[in-house]
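Next come two complexes built around chain A: one with chain B, the other with chain C.
Entry: the complex of A and B
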């Protein structure tokens, strides 16, 4: 039933580019594979928005990694004489209710949010590949059962699902957060992989491999899965914003990582009680989330254009 | 067509059973017996009576069957924490506010988002078009709690135009529903713009032009109709966004809706309420998917075959 499901609209077309190596540049066939990615990279660079977003994203990642180390302030040092200050030279983003430097704290929280985001995204892709490729590859009754289960899982509301999972696990830290968020949101990735595998399965080279007597796991691992890499990269940047926002929501309603550690969401939660008097304590982490998600969306767009040239004409006209 | 609708409706039943089952299994995983968690030592006899009263002494499949029966007869059982109220009472008290909030949010999204997408497509590459795309990118990225607090900070606190929280007068409903509607709005605008642009390039539109039809007639009869189909299918995933968003919005604006109650129930370990609300939202989502699929089948006959 899922073959024309509108929820698959993003990847309704097989998204692996059948790009021929740049005209005559590498006449030798062995280069074809390398230049497929080179081609994609070239197309990505043509998309200015995606390039800028990618650069900003990288800068933020570097900032989150490096700044807590070289910052003159200790992110967890409480100094009540310095509490709730606005931006100054000493504290470019001000201080929070405990006099902690917001810039350093936002970098540290950004680290955790990014780690949760990337960790959960990778987990989502792993679940998705395992589930989707078994369903798509073996087809038949197994596929049917798996897809029915997926239909039911789609019925579960995302945030309550994640909250219940956190309650089951019992403790909230970075790892349990990754687990809960990825279990609550791997379904789309599974559908994408399944759709991709089903399309790829009809290719002649798969039939050729079968005719040569290749075992199923060889066909799957050697001929099918590598060709889903393109979609997976796109899917990764499509999932990332959802996970970062999901984590932020959980943090914001008080189910985030416990202090003194903080993610961007739980940092925003700390500022919630006093945003009327000191809005910056909440706005800074909120804005950081917005920038991260904005960048990830632009990168996903750029990747999709780069790895799947066919979507380009219809998308931006 | 009728066969398609009947098959689709029948298929909803096992999906619902499975969803309820998944929720049920998860809730069983959380905490064994809610009555052993209290600090007071409860006498064994009372405990057994309580367990019998809530059927906790039955094997799990009986409990599941009883729960399913409860769901289908609209009886979600008693609340474990506020002992004098049932889950039904709680839902009846809080759900209408959430429903209203979600409805107004969707209204904002449809009333502003769809026309904006149409205009942007008709004025492709104009300032309006670029502005709208910028807005929709931002709308996707900014977390709803930031939008909500910014709105409260400026519109309610600084300019004093509307109350800062609550869900009573119509003025108090403007900000929360708008904050919640922003993401669906961005979604609709982008979707409608994209499908309009695509439809505008179709041959039948060119034919209509060549026939000398008026621009307005072409747009209304040939373009709009076909471009709005994706917007209808978008309602189902958007419902998910709205449910997720409403949790946060209700907390920020202190709206006594079902989302806020859910959050408090989780921390007070009121599992029957948590389960009831989860099952209820699941049912809403599954039914919305059903309606969208049927609508889609009516509007676009090509999809009927492929769907159960």
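Entry: the complex of A and C
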């Protein structure tokens, strides 16, 4: 449904000349041509912070994906003669205690951190949608039981819960990290989805669909879930910083990806013991974490303005 | 045999405050090609009657406690949910009050029309697409094949109601229930939609139940009118008969409350209304439900104690009152 309609793009665009839009029909003109997503995109672009954050985020992602391939240095090659160097032309961010190039290594660690962050976020949404939509859709006693269980789980502190889960799973790699982090934090997503489904269930078009003989799974998959998409996207970018931070924290206390692979958190941990003498070894991955989290927050903010009709009204008032 | 026969239908809502008798013994029938108007004020049980026929009442709290809904000889109240789903949309279709919210904003019109065809007939995409164009043309939407690709927000209220009608007609239902189909529309658009409904009904030989609180709408479309008050039918007659000779004091009052363009009241700038408010359906008045508001309740005869029966006062004219207009006149002018 998010695919852009080519006919729309070709025919509708010139049908509303810019002059008309500029002539003061601020409320009317965009409605006539814009699909939901184009409308949302336009609104997103109005939020400068979100646009800049989005651009930086994209650049970081691209850098993490591409740099390890084209970099002149092998991220895992130990060369003790080059150890603990400051920034130079050869090594723009210096080298770590084993003489590995920090720039390449940070890109590689960023890959893993982002993969864990995105993977866990997607898993959170999947858990949340399944759990929340069954509770919201079927309601009644099932809803009650599910929600009380969720209340109980809500009481568990996020990171200790993730640590215990990792201990139960036993092995630590990217996939188990994703699993542990998502199991420890899908509750909010489930609540959001449940609330949305309950609200949407009241809509006339749901009743109309029932009056046309639609079965329950059709109503859920066709009429309810697609309408929660906007809120889900916002939720995704709201969860992302938490997950990235959580992963970094686990890495920092030594529960992260094991060497020679690294995540941003475990890299920072490596630099912790000598941060007085060589602060850059800890500072570089730390800064990367901070930038990622900040960008994700700004993007979430922009997404909310763009996709959530309630905040939209007050902003554009 | 009638297409639809509703007999003694009672739909009650079991709430914490008590049992709300929203529909309390409603009986009427619809023949193929016939249009019945159900009129009444808000909360009189019109919509619940319609939803009960469709099996769409919210359960819990509501339940059909008594009566039957026979559609082509089958009692719909005894069908399972699955069997009912096959009837809905296929044999009986329904359109709702607010076209602005009755279409899913995230789906193209085409998807919403073809969905029904796929559901009930298993049409292929091409077949369904062709049929969708036909349907939109039938409800007079210009550029039908192009408009199919649009999302609902590009349609005006009247156009959306046309789309809703097209969806309802998709499977050639034998009965269409229209729940206040024009209430949310402009007056001019209202007339167009009513004309359209009227024409489609004639072309398709479709039974129509029109639910409304607008006497004007009923006069235009319906062959027969049932007036509902507090969950019961209080008067049932052919449309002209009802407008010319209303018998029940409530019907008289309703017709009297219609805004007039000329006459004494207009000059004095008055709109007539019915004093009091509709009764509490948890504990309805023990006698006639209209008695507390009825100008003739003082005539006695146990108005306040015994519920009057729905009785035949003339051929085709049923009324639930001890003091219908014709009898009052006879008493006022004794021979």
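The rule is simple: the second predicted complex is superposed on the first by the 276 of 317 C-alpha atoms of A that agree within 3 Å, B and C clash if a C-alpha of one lies under 4 Å from a C-alpha of the other, contacts with A are read in each partner's own complex, and residues count from 1 in each chain.
Note that in this section contacts are C-beta pairs under 8 Å (C-beta built on N, C-alpha and C of every residue); 3 or more make two chains touch, one makes a residue touch a chain.
Not measured: the values here are computed from a predicted model.
When both complexes are overlaid on chain A, the residue A:252 reaches chain B alone and has no touch with chain C. After overlaying the two complexes on the shared chain, residue contacts for A:51 are found with neither chain B nor chain C. In the superposed model, A:215 makes contact with chain C only, not with chain B. When the two complexes are superposed, the chain touching more residues of chain A, out of chain B and chain C, is B.
When the two complexes are overlaid on their common chain A, residue A:297 makes contact with chain B while staying clear of chain C. After overlaying the two complexes on the shared chain, residue contacts for A:152 are found with chain B alone; chain C is out of touch. In the superposed model, A:286 lies in contact with chain B only, and not with chain C.
Once the two complexes are overlaid on the shared chain, A:174 sits clear of chain B and of chain C alike. In the superposition on chain A, A:241 contacts chain B only, with no contact to chain C.
After overlaying the two complexes on the shared chain, residue contacts for A:118 are found with neither chain B nor chain C.
1, 5, 7 are the residues of chain A that lie in the contact sets of both chain B and chain C, per the superposition on chain A.
Chain B contributes residues 14-16, 18-19, 22-23, 26-27, 29-30, 124, 137-138, 140-143, 145-146, 149-150, 152-153, 157, 194, 197-198, 230, 233, 236-237, 240, 243-244, 247-248, 251-252, 262-263, 266-267, 274, 277-278, 281-283, 285-286, 289, 296, 302-303, 306-308 to its touches with chain A in the complex. Across the interface of their complex, chain C is touched by residues 1, 5, 7, 31-32, 35-36, 203-205, 207-215, 218, 222-223, 226-227, 229 of chain A. Residues 54, 56, 85-90, 93-98, 101-107, 115-116, 119-120, 149, 151, 153-154, 164, 167-168 of chain C are the ones that touch chain A when the two sit in their complex. Taken together, the chain A residues at the contact with chain B in this complex read 1, 3-7, 9, 148-149, 151-161, 163-165, 167-168, 241, 245-246, 248-249, 252-255, 268, 272, 275-276, 279, 282-283, 286-287, 289-291, 293-294, 297-298, 314-315, 317.
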